[in-house]
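Input: one structure, supplied below.
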Amino acid sequence: MKLITAIIQPHQLPAVKKSLYDAQVYKITVSNALGYGEEEGYQQTFRGVEREVNLLKKVRLEIAVNDDFVEATVAAIRDGARTNNVGDGKIFITDLQECIRIRTGERGDLAIG
Amino acid sequence: MKLITAIIQPHQLPAVKKSLYDAQVYKITVSNALGYGEEEGYQQTFRGVEREVNLLKKVRLEIAVNDDFVEATVAAIRDGARTNNVGDGKIFITDLQECIRIRTGERGDLAIG
Amino acid sequence: MKLITAIIQPHQLPAVKKSLYDAQVYKITVSNALGYGEEEGYQQTFRGVEREVNLLKKVRLEIAVNDDFVEATVAAIRDGARTNNVGDGKIFITDLQECIRIRTGERGDLAIG
Amino acid sequence: MRKKALLSTLVVFMAFTGPLQAADTSDLWVALDTLWVLIAAFMVFFMQAGFGMVEAGLIRSKNAGNILMKNMMDFCMASLGFFICGYALMFGGEGPFLGSQGWLLMNVESPVGIPLHAFWMFQAAFCGAAATIVAGGMAERMRFVAYLMYSFVISAVVYPIVGHWIWGGGWLAGLGFYDFAGSTVVHAVGGFTALVGTILLKPRTGNFNSDGSPNSIGGHNMPLVSLGVFILWFGWFGFNGGSALGMGDPELVARIVINTNLAAGAGAIAAMFTAWAKFGKPDLALSFNGALAGLVAITAPCAVVTPGSAIYIGMLGGILCVYGVHWLDRFGVDDPIGAVPVHAFNGVWGTLAVGLFGQSVLGSPQNGVFYGGGLSQLGIQALGAVIVAFFVMGSMWLVFKTIDALVGLRVSEVEELRGLDIGEHGMESYSGFQIFSTE
Amino acid sequence: MRKKALLSTLVVFMAFTGPLQAADTSDLWVALDTLWVLIAAFMVFFMQAGFGMVEAGLIRSKNAGNILMKNMMDFCMASLGFFICGYALMFGGEGPFLGSQGWLLMNVESPVGIPLHAFWMFQAAFCGAAATIVAGGMAERMRFVAYLMYSFVISAVVYPIVGHWIWGGGWLAGLGFYDFAGSTVVHAVGGFTALVGTILLKPRTGNFNSDGSPNSIGGHNMPLVSLGVFILWFGWFGFNGGSALGMGDPELVARIVINTNLAAGAGAIAAMFTAWAKFGKPDLALSFNGALAGLVAITAPCAVVTPGSAIYIGMLGGILCVYGVHWLDRFGVDDPIGAVPVHAFNGVWGTLAVGLFGQSVLGSPQNGVFYGGGLSQLGIQALGAVIVAFFVMGSMWLVFKTIDALVGLRVSEVEELRGLDIGEHGMESYSGFQIFSTE
Amino acid sequence: MRKKALLSTLVVFMAFTGPLQAADTSDLWVALDTLWVLIAAFMVFFMQAGFGMVEAGLIRSKNAGNILMKNMMDFCMASLGFFICGYALMFGGEGPFLGSQGWLLMNVESPVGIPLHAFWMFQAAFCGAAATIVAGGMAERMRFVAYLMYSFVISAVVYPIVGHWIWGGGWLAGLGFYDFAGSTVVHAVGGFTALVGTILLKPRTGNFNSDGSPNSIGGHNMPLVSLGVFILWFGWFGFNGGSALGMGDPELVARIVINTNLAAGAGAIAAMFTAWAKFGKPDLALSFNGALAGLVAITAPCAVVTPGSAIYIGMLGGILCVYGVHWLDRFGVDDPIGAVPVHAFNGVWGTLAVGLFGQSVLGSPQNGVFYGGGLSQLGIQALGAVIVAFFVMGSMWLVFKTIDALVGLRVSEVEELRGLDIGEHGMESYSGFQIFSTE
């Protein structure tokens, strides 16, 4: 099993949800984050004092999937999230050693879905 | 060492904190998230326009533990979080290669607690 | 590649950003969290009812780096985050199996930076 | 303007004549008194916003929209209810228990020197205040439809009945019971309704630990609370001052205003120091409630006491409020915003204060205890307060029980956990804001 | 005080003389009328805050600062614009289409019995209201600089012209068109401008799905909306009541006030139940809009109908508002806060209501349909409303097109996604608060 | 009503008699003047909410509750302090430096044609305003207990002394110094106190970088700021208009009102364009401050200048405000909400404006420079402003130093990092809302 973590543009979330749905990935966890990368920020002025804002709003997805689902999921995320502009984000894949469904106690592949 | 990530129902957090405490797991990091899973969402209407809300509020726990603590921690989380309703959440376990305490620079098992 | 997750004091974030920058780590994802550890909380009273608040505000950093950058990054985080007080936080290192840049589809080391 | 012009010409013409002259100045008095009462009515109406902000700010964000909706709709219900039958029951004749003319404001004369519609507006705003006090006490768990029903009944029937007894020439008025601006009529009625309501509803899930010790469920937006208190304080100048029903006696109105202000200030300060001493910190919610407590306490006696007495009355009100909040927690009564200590307890305290600090030279029926008047006025005040409290709790108990049987008073636990905004209205008050709810 | 003292002595002296005596009481009338009109003006000014809160609360947080800035600056623009030429165009002479004296308020007399500056203040506040209604309809995508230009033009030229026709002795007044406090003059003007504006701007990105079905973009702060509605309701008492331009007829002012209040309450209740029936839940935004709809609807007829009629007028206003919101969604018109249903549709409805419920005994030019007056007044009202609607939409279409050509009406899509607060003002409205924006 | 009825009969009776007749209309004048002053007092009181919203909105959420508490309690302190001795020092006799009768408002007559208690209420609200201005300048780091002490001292002693010099018949009044509604008495006093306070407190941790360049710490809630500005603007109509202390001269009151409004609008527009030109974007905080700056500037001259002049005065006020904010940043003075530029700098500017734009025909002691009056009035105004500024800064420096010695002025750094809400009050202003604090 793998744990896929993706950082995307907030306004792409609906599109990503849709493409994941089409790829039969129905379960995700979403949280928000601030991202710092190549994408350039913007000038903020408050009462005449300027500040370079480079922590930009991002959305963070976590998806636990079975190994055979990894590529499909990655593809789906890219489909939904890509605008071909700097700032589109990243996908990180780590090894998921165990997954437990709290309700039933099921483990492993069973618990993923 | 393992990094345990759990997604639970927000209103179960107090119970989980308590059961973790009883299991002598004293250090956790909590963040909030929105979850998308089997649990069905609810209808939202704003000015007469309906919207299916299926991103439900969840709480996300991260707990770094030594290997011999893993099962106890998982059990504690389940005890506190289980309501036997769809939506209770998941526990993910990944391998934690290193843990460093910023204050002291201690590493590994020492740094966990 | 490694995924470095650090929990730090919110008010140290600017310092950490700076030291990471000096260490040529330019890309990070930041989110906020509540932490529960050794650091003692404070009394909260609302309408005369007391409550022990021990979930303290923390900032959570995620940084994906190539293996040869790990130590430098850890050091940079410690430099920026350390105040030598309980509550400074932790750094967790997990193995990052794959990293994909959504925009280009680049993978691995290329996608990290 | 037509009318206006006409008047001026009238003036010039009348200048040569005595009696008409007089008519002319009495027209001016009517116009002036009407202006003041109307402005006061607007200010009392605006208090509705104050109640809404205080109540919404002191509860959790997931229920904020629901209480704001209740607060808005209860005034709408009160407007209609008090128009249809409330006014008639309250001011429609001198019967000891009920009025009986003026349904829909038809075939009835204004009982005072200002137009009927102006008098109605002022009274209707009072009625709305009594109704909305309850929303806060029963917050975070009462069904919206049940609240709608309740709010119509209280403003169309229960409040007007009590009002008739005291202001409509009813039996309490006959006894010499004195409540200048409504410590009993408005605040005790609202406060005791909130008390019986919150008891019937049971506490919010998680508000008390298994051992019965209270949990503090923090208010989600203190700036709203502070704003609300200022709006209420502002409106109270109209609430008390307007109850003079005119500017015929500027000294009186001015005295009412200074007393209102000093009691509020003293209440806040006293509550702050009491909380500070008791709990170690100057608590915002309690200090703000203290200001409201002082205002409620001075409402009955504002016209008949000296500024000095107003300070004492307000101070005691503030202290009483802090202890009141504490007592309710102790007894396991869950009143999320302190409606009971502020409106019920201080409504009674203010009513009694007339019997302690009142002075006949200032217009009190008799001198109070501290002015050599003995216990008689105090006794009448106590009697009135107690009877009203019991009447309200009894009748509202019945009303709530009936509503409970009909539609159910309380939302389901799931709905409560998720929040009434979603459950009752299918929306979030801060859609887009991320809210961290660990309760 | 000097002046004041002088007056009193004057009084004593005059006591022995007839005519002067009269002068004295007419001085009192002027002072009293001025006081009322000024206070009403303050209340109408305060409505600006109400508009701001409602508009900001019903949109997304990322654009809140921008609309609050627009709302603040349009009043400032209106103050200057209405001072420089607006007043002259509106009240500077009896010409059928335009006034032409009183630029910068110089060389012009007050047309009414109160000082010119007091009359101006009251009218300027009205002008500001007409201007700010539009901000909401065009919210979340209109450039700030374009909005500044628009707001100057409407308050310096377009609004005054319509105002002149109806209140400045222009041709519609000549026809016997009756709009007591501005359902047409203020609200229809603002509402139809919002309509043409939002059509020209096109919907917000993502507000409609590819299939044309609407997406709900939730308001980010309902407490602000509720507060705003209360502020508007409060201000409306001055808006309508102050339009009597004095206290010369207390009965009249009192009737206006009760009608205003009952229409608002009935509007909210009707809207709530309509939404409840249509969509299954009592919707906050629609119920609150319903109160405003009732207020807009009663604005024209408030002086010449009975409280009973006011309730009908308000109820229909509330229902119309809910359907109006629905229709616009259906037709793909994106009016984020409901400016069009509330101000345009109900502005027209209120204007027509004069022809239905108006009574000549209460001051209406002719009896309405339901009082045996036949269709003639209704016809005049319809004519006026239609012509004003077309004039406004035509002229504003031109204005917006010109502005679009000059500076561009709409922000870039990137800026829209990121929010106008950042794009236009380089700041965030809730800097420090974390906001979860999934749109 | 009793009293009222009595009056009417009186009227009828007097109708046949000359002199009494006069008495009767003078009763009306007293009633009318009292009504206006009281309503104005309520509006000035309500400004307290405006200050609270502006201050809370412009700082970080972690300190919002603390400043709202300060803002609430300083008015309570002012109410008591001004009752106990403030009023006596200010209005208790004609001595050049101090008044000395009327402690607790006892044994003192009203100096004006309205009841003492009404006059007190109006003055007390002013006193509260002066006190609360300071909260913002010293925000986010001042200890609560220290603030309580300060607020009592300023309202019980320092403000009344200055007030006596100018309004109580003191030496500055004797010189012909003219400050109609308090640019100096209220705003300069508050503003300069804020200046010395913020200097003594030192900047907030992190507000300036090591190189001395300022860091912008964004306001956490701009809707509150916008609301606050509207409330202040609304209240200012009472602040300035009520200072006529009656309706004896409707022209005067009307002129004050239009001037107040135009100066505010011009101030906001000027500030907006200045900021736009200087910093590239139309900044909300600065534009809103600009409106307040215009209001402060017009406060002294509002009665004695033309609307045209009011626009100039307001514009310059707005520009001065933007530069003032910038200068303070440059000099490393940390004034979180701009209390100094708005109230101190513009308080002085408004005071001088009397000497430039004032006209004796409108009531100014002498014509200003632009009306051929030469420099003499300007000189007197400058003298007064300077002396008041130094007196205030000197005495408050002493006061703050003493308080610092007694209890400490500033919170610990840990407390500052965590926020004063938690440190001073053990609560959060938005408990449940998640807040991202990277400072």
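In this document, chain identifiers A, B, C, D, E and F correspond to the written order of the chains, with residue numbering beginning at 1 in each.
As a convention for this text, a residue touches a chain if its C-beta (ideal position, glycine included) is under 8 Å from a C-beta of that chain, and two chains touch if they have at least 3 such contacts.
These numbers were taken from a predicted model, which means no experiment stands behind them.
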{"item": "Any chain that touches subunit F and subunit C", "value": "A, D"}
{"item": "Comparison of A-E and A-F by number of C-beta pairs in contact, larger one", "value": "A-F"}
{"item": "Centroid spacing, where centroids are CA-atom means, of subunit A and subunit C in whole angstrom", "value": "18"}
{"item": "Centre-of-Cα separation between subunit F and subunit B, whole angstrom", "value": "52"}
{"item": "Computed distance of Cα centres, subunit D from subunit B, in Å", "value": "46"}
{"item": "Subunit A, residues touching no fewer than two other chains", "value": "31-32, 34, 43-46, 55, 94-95"}
{"item": "Of all residues in subunit E, the ones touching two or more other chains", "value": "21, 25, 28, 32, 35, 39, 218-219, 221, 227, 280-281, 283, 285, 425-428, 430-431, 433-439"}
{"item": "Touch-based graph of the chains, sorted into line, ring, star, complete or other", "value": "other"}
{"item": "Which pairs of chains touch, using the document's own definition", "value": "A-B, A-C, A-E, A-F, B-C, B-D, B-E, C-D, C-F, D-E, D-F, E-F"}
{"item": "Touching residues on subunit E, where the partner in the complex is subunit B", "value": "214-219, 275, 278-281, 283, 285-286, 289, 322, 325-326, 329, 338, 436, 438"}
{"item": "Touching residues (chain side subunit E, partner subunit A) in the complex", "value": "417-418, 422, 425-428, 431, 434-439"}
{"item": "Residues of subunit C defined as touching subunit F within the complex", "value": "10-11, 13-14, 32, 42-46, 57, 59"}
{"item": "Subunit C - residues contacting subunit B, complex", "value": "2, 5-8, 31-38, 55, 58, 60, 74, 77-78, 81-95"}
{"item": "Residues of subunit D that touch subunit F when the two form their complex", "value": "18-19, 21-23, 25-26, 28-29, 32-33, 35-36, 39, 43, 60-61, 112-113, 218-223, 226-227, 229-231, 233-234, 237-238, 241, 245-255, 257-258, 261-262, 264-266, 268-269, 272, 280-285, 287-288, 291, 307-308, 311, 363, 433-437, 439"}
